[in-house]
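In what follows, subunit A forms one complex with subunit B and a second complex with subunit C.
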Partner chain A sequence: MKRKEIFEIIPFIFIETLFFTIAYLFLIFEKTYSILGILSGIILFSIFINKIPKLNFFLAKCFSEYKKLAIIYGIIFIIALPILLRNYPYQIFILFNAGLFALLALGLNWQIGSTNIVNFATGASFATGAYTTALLAIHLGWSFWILLPIGGLAAAGIGFILGLPCMKTKTYYLSLVTIAFTLIVYLLLNNLSWTGGPDGIADIPFPKIGNYSFDSTIRLLGLEIPFQANFYYLTVFLVALTFIVDRRLRYSRIGLAWNAIRNDEVAAECQGIDVTYSKVLSFSLNFFFDGIAGTLFAFCMSHISPESFTFNVSITVVAIVIVGGMDNAVGVILGALLMTLIPEKFQVFQNYRMLIFGFIILMMLLLRPKGLFPQTVRKYY
Partner chain B sequence: MIKELGYERWCHLNNDHILITEDLTINFGGLRAVDGVDFNINKGEVVGLIGPNGSGKTTFFNLITGIYKPDRGRILFAGENIIGEKPHQITRRGIARTFQNSRLFADISALDNVILGMYTKQKTSLLDTIFRYKKVKTELQEGAKRAMELLAFFSEELKKNCLRPVADLPHTDRKRVEICRALASNPKLLLLDEPTGGMSPEETEELMQDIKKIKEQNEEVTIIVIEHDMSVIERIADRVYVFNYGKKIAEGPFSVISKDIKVIEAYLGEETEDVET
Partner chain C sequence: MTQFIEQIIFALMLSSTYALISVGFTLFFGAINIVHFSHGDVAMLGAFSGIIIYGLFRFMGSVPSWLITMVIFLLTFIIIGFLGTFFERTVIKPFRKSPLLMVLVATIALGIVIRESVRLFYPQGSNPQVFPKILPQVNYEIGRLLMRFDHLLIFLISFFLISFMFLFINRTKTGLAIRAISQDIEAANLMGINSDIIIAITFLIGSILAGLAGILIGSYQTVVRFDIGLMGGIKGFSAAVVGGLGNFYGAIVGSLILGFTESLSSAYIPGGAPYKDVFAFIIVIFFLVFKPSGILGRAAPIKI
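Right, the complex of A and B next:
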């Protein structure tokens, strides 16, 4: 290895390690002051890097040259995280929650980000996946692994049925239809007898691989990792899968067509794009992945009630996409982490959660309408 | 008689009409925007469409491409009736167009815009995208290669800037990207709506040469062009149609049209009219 290469690798590994350490500390700290300290540290650090263009440029160059190394290092950190957090089961659970929201937000990104359909029906699709699979598991005893795609397909079917009439409306009116849909689903779940009413459905069996149930502690090299890590790994796997699907869709004629529709529907139609089909496809795909997230949620919580599928879920996911970045999967995943971890860390402000979310959305739309990580240019070679 | 008038320029072409409209009419409320227009164009011909502002030229394009549905009349493309079809179905038949105020996809790159022009030629489905991505990748890379060639055909500068969002490009380049996007679908019929609008005389000249080059490279392609610059029409159009108040008031080679009393009246006003200065 040449000396220059070492000179470039070391600072970049140092930065990444620093970043991971901060993330780790952020997860385990519980006092408001220490968390605020870390947050202001991150902000000061990023301002410091941005103020020195040479350093900024150098880091960007390092990261683009050793992209593979950076990704592998990141994956190792993600896998090792539950081991580091083995004494903090609740933090692992929060990360699982963040993963769920990342799944929902990646799906919604194809709507808000790619196609510019502001869809507030996430709560409804999430509920469809959760309730369908929970009922099937309780009454028919089907296993989680079969129900995972079924939950997705059930939600996609609903998305297709909702999508067709929705295409008759545009912009605000379309958003209103989706809001109404979420509210209707919530009311139905509360008032129907076979969904358990306000009590919901309890005792959904945990997922199993062979004889290994997901609610048992992982024992590895004498270390005891709390059972929440099982759900964490499952979610990370699904997010990674969705991320790959997102990338493939983005670099395909489907993703291009969505972007065309976002810009100009008439011009898109004149390129031979079937606008209705493309929009309904985006709806159904979004609902499919919401359904999968719903299934995951139902089986990992083992108990679901209508309170988990309110309109607030829809707002949170919309906020994640807007904050994270329109049509940028990495941004959306980071957005999901931010928007679930920060409210969790500032329990003091819990009562003002929706108010703060509204404020954040407003500020983002005014100051950075394309999100923290805007869409990147497609490169084909 | 015909030879004297210069009709031989288009009479030698066979009677292979690629587009025919008969009695094409559309009303917007009380306004008859296009009124009983009979139009025909042969394969490989370049036809100019001129007329004062608001005479129904762009509406005529919108009728052909299916954006508006006519109230009366017929449109035959390659011998088949295309009335009632949606714009994307008509595009699939081989009609591509540009818009008066270039309607590009502003926040994606120029290259992406041109690749979107090939949408009808690309075949990969959703399942291919998710499970057989290699196929999609090759298709896209081939598309990108062809798009680069098309952009380079217009200007090398444009090729260099092809990864910039279209919104950042200068006006002239945007017009060019739009023509590239239309050409990318290998259309049988190309509709250009004021391609030189807002360009300087030099840029207009350049674009005119480019349009001639397109014709030279592909004899088959048929072009209808709306244009206000008479020097452009004179040099590229085999035949000219003149519209006024939605009606076709004259047709023929430019040399004949330019002497037509009705056309002069439409552009300059009737002689009997009181002209206030």
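Right, the complex of A and C next:
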């Protein structure tokens, strides 16, 4: 290794470590003042980096040159996080929640980000996956691992049936169709007897691998890691999988077709793109991953009720995509982390959570309408 | 038969309150192609301002009830008109030229802020609040037919308000300006119309109608909660879309369809009462899928 490289790698690793330490401190701090301090520290840090062009340039260069190193370091941090947080099971649970929303938002990103379809039906697809698999698990006793794809497929089927006629409608009309669908599903779940009505379904068994149930603590090298870590790892795995699927789709003909439709539907049609097919595909794929997220949610909470699948879920996910950055998978995942962690961290304002949430969306839309990580110009290849 | 007539009157009353909200949607969409998703929450604010004003009056001792009703309507008129214009200035104006998803999410977020503010800052806001009986509670019996006077009154007030708005839009100079803006905002600007002020006036009218609708809804539901606006707004929007977004008569037709579906399905389909909203939304979806331009709306041509 050359001397110059060492001089670049060491400060780079130092900065990344600093970043991870801040993230870790943000997770374990519980006092409002310390959280506010950390948040302002992050903001000052980013301003500081932006103000010094040399440092900014250096970081950008390092990231492009040592991409693999940075990614591997990040993966190690993500895997080690539950071990670091072993005394804070609730924080691991919040991270699991954030991962769930990241799954939903990644799916929705194919619609409002890539294809420019307005979709507020996330609550409905999420519910379809959760209820289908919960009912199958309770009545037929099927295992989680079989039900995971089944939940996705059930939701995708609903998405296909709904999507086929709906893709004729556009803009406000489409938003109304999806909102109405979410409300119908919510009302049905609340009133039908076989879905348990407002009480929902309880005692859904935890997932198992062989004899190892997911509600038992992990014992590793004499460390005890709370059982929430099981779900955390499962979610991280699924988010990573979805991220890879997102990557593959984006740089395939399908992603190209979606982007073409977003830019100009008529022009896309003239280029020979089957607009209806592409739109229904994006709709069903989104429903598929929402269904998987729903299954995960049902089995991890072991109790589901219609209150978890309201219109608010749809709004939250749409807000995550917009705040994170449309058509940008990394931005969407970070958006999911921010939008779940920040309202959750301010325990003092627990009651004011939705209010803060609404204000965050409004402020973001007014001050930074392109999102935290704006969509980049697509490289057409 | 008597039950049927009662249902018809109830449906008319329900539709008329929906129409008050959906006319607002049509007004805003016609003027600046924007769907104001927190419009239902503005109606909810109207209901709450009614409760607050009534509460203030109770402290003042004996005031004739008709006077209270008049003052409630008048003050709500002013308060909600002011608030609606304020929301337009702060939340909707910055997004006038941005993509529709932005406007949609911004107004939904505004709705969240309004709802949560009422829930948190109104005393015991998360519980249902009893709405005062501000309309005379007199029942008429015609044969075996029981007529509730307040239901009839709600219908008449809504009818009066909507006709008044029609006259305003069609007969006054400001109304002409509103219509001009909805046809072509740039051409209207060239004709010397201050589109900023006219848009504000549009929101003023729409919000006033919604606020008064809130009072009327409160007085037939007898309880209001902080979240009635969400459902009310979506119903009003659905009605406007079913009738044809941007068309005033369409908004009224759509409201009638929605109101009649709801009241008749809850009365005549066995066990249908909890599902009345489901039926209404299924009808909405059917209309959207098979006649997306609405009953009276014109299909927008594709521009290249």
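The definition used in the following text is that the second predicted complex is superposed on the first by the 370 of 381 C-alpha atoms of A that agree within 3 Å, B and C clash if a C-alpha of one lies under 4 Å from a C-alpha of the other, contacts with A are read in each partner's own complex, and residues count from 1 in each chain.
Here is the rule we go by: contacts are C-beta pairs under 8 Å (C-beta built on N, C-alpha and C of every residue); 3 or more make two chains touch, one makes a residue touch a chain.
Quantities reported herein were computed from a predicted structural model and do not represent experimental measurements.
Novice: Aligned on subunit A, subunit B and subunit C: do they clash or fit?
Specialist: With subunit A as the common anchor, subunit B and subunit C both fit in the superposed model.
Novice: Answer with first, second, both or neither: which of subunit B and subunit C does A:L366 touch in the superposed model?
Specialist: second
Novice: Name the contact category of A:V266: first (subunit B only), second (subunit C only), both, or neither.
Specialist: both
Novice: Touching A:R248, do we find subunit B (first), subunit C (second), both, or neither?
Specialist: first
Novice: In the superposed arrangement, does A:A257 touch subunit B (first), subunit C (second), both or neither?
Specialist: Only subunit B is touched by A:A257; subunit C is not.
Novice: Between subunit B (first) and subunit C (second), which does A:L140 come into contact with in this model arrangement: first, second, both, or neither?
Specialist: So A:L140 meets neither subunit B nor subunit C here.
Novice: Would you check which partner chain A:D274 touches, where first means subunit B only, second means subunit C only, and both and neither mean what they say?
Specialist: After superposing on A, A:D274 lies in contact with subunit B but is clear of subunit C.
Novice: For A:L187, using the defined touch cut-off, is the partner it touches subunit B, subunit C, both, or neither? Pick first, second, both or neither.
Specialist: second
Novice: After lining up the shared chain so the two structures overlap, which partner does A:Y172 touch, if you call subunit B first and subunit C second: first, second, both or neither?
Specialist: The second partner, subunit C, only.
Novice: With both complexes superposed on chain A, which partner does A:I315 reach: first (subunit B), second (subunit C), both or neither?
Specialist: Only subunit C is touched by A:I315; subunit B is not.
Novice: Looking at subunit A, does subunit C or subunit B touch more of its residues?
Specialist: Subunit A has more residues touched by C than by the other partner.
Novice: Consider the C-alpha centres of subunit B and subunit C from the C-alpha centre of subunit A, and write down the angle between them to the nearest 10 degrees.
Specialist: 80
Novice: Quick one: minimum Cα-Cα distance, subunit B versus subunit C, in the superposed arrangement, integer Å.
Specialist: Minimum over all C-alpha pairs: 8 Å.
Novice: Subunit A residues touched by both subunit B and subunit C?
Specialist: 266
Novice: Contact residues on subunit B for subunit A in the complex?
Specialist: Spelled out, the residues of subunit B in touch with subunit A are 65, 67, 86-88, 91-92, 96-97, 99, 103-109, 111-112, 115-117, 119-120, 122, 124, 126, 129-130, 133, 136-137, 139-141, 144, 163-165, 181, 185.
Novice: Residues of subunit A touching subunit B in their complex?
Specialist: Touch list, subunit A to subunit B: 245, 248-249, 251-254, 256-257, 259-260, 262-264, 266-275, 281, 375, 377-381.
Novice: Which residues of subunit A touch subunit C in their complex?
Specialist: Contact set of subunit A toward subunit C: 112, 116, 118, 165-166, 168-173, 175-177, 179-181, 183-184, 187-188, 190-191, 266, 311, 315, 318-319, 322, 351-352, 354-355, 357-359, 361-362, 365-366, 369.
Novice: For subunit C, which residues are in contact with subunit A within the complex?
Specialist: So the residues of subunit C touching subunit A come out as 29, 35, 91, 94-95, 98, 100-102, 104-106, 108-113, 115-117, 120, 230-231, 234, 237-238, 241, 245, 274-275, 277-278, 281-282, 284-285, 288-289, 292, 302, 304.
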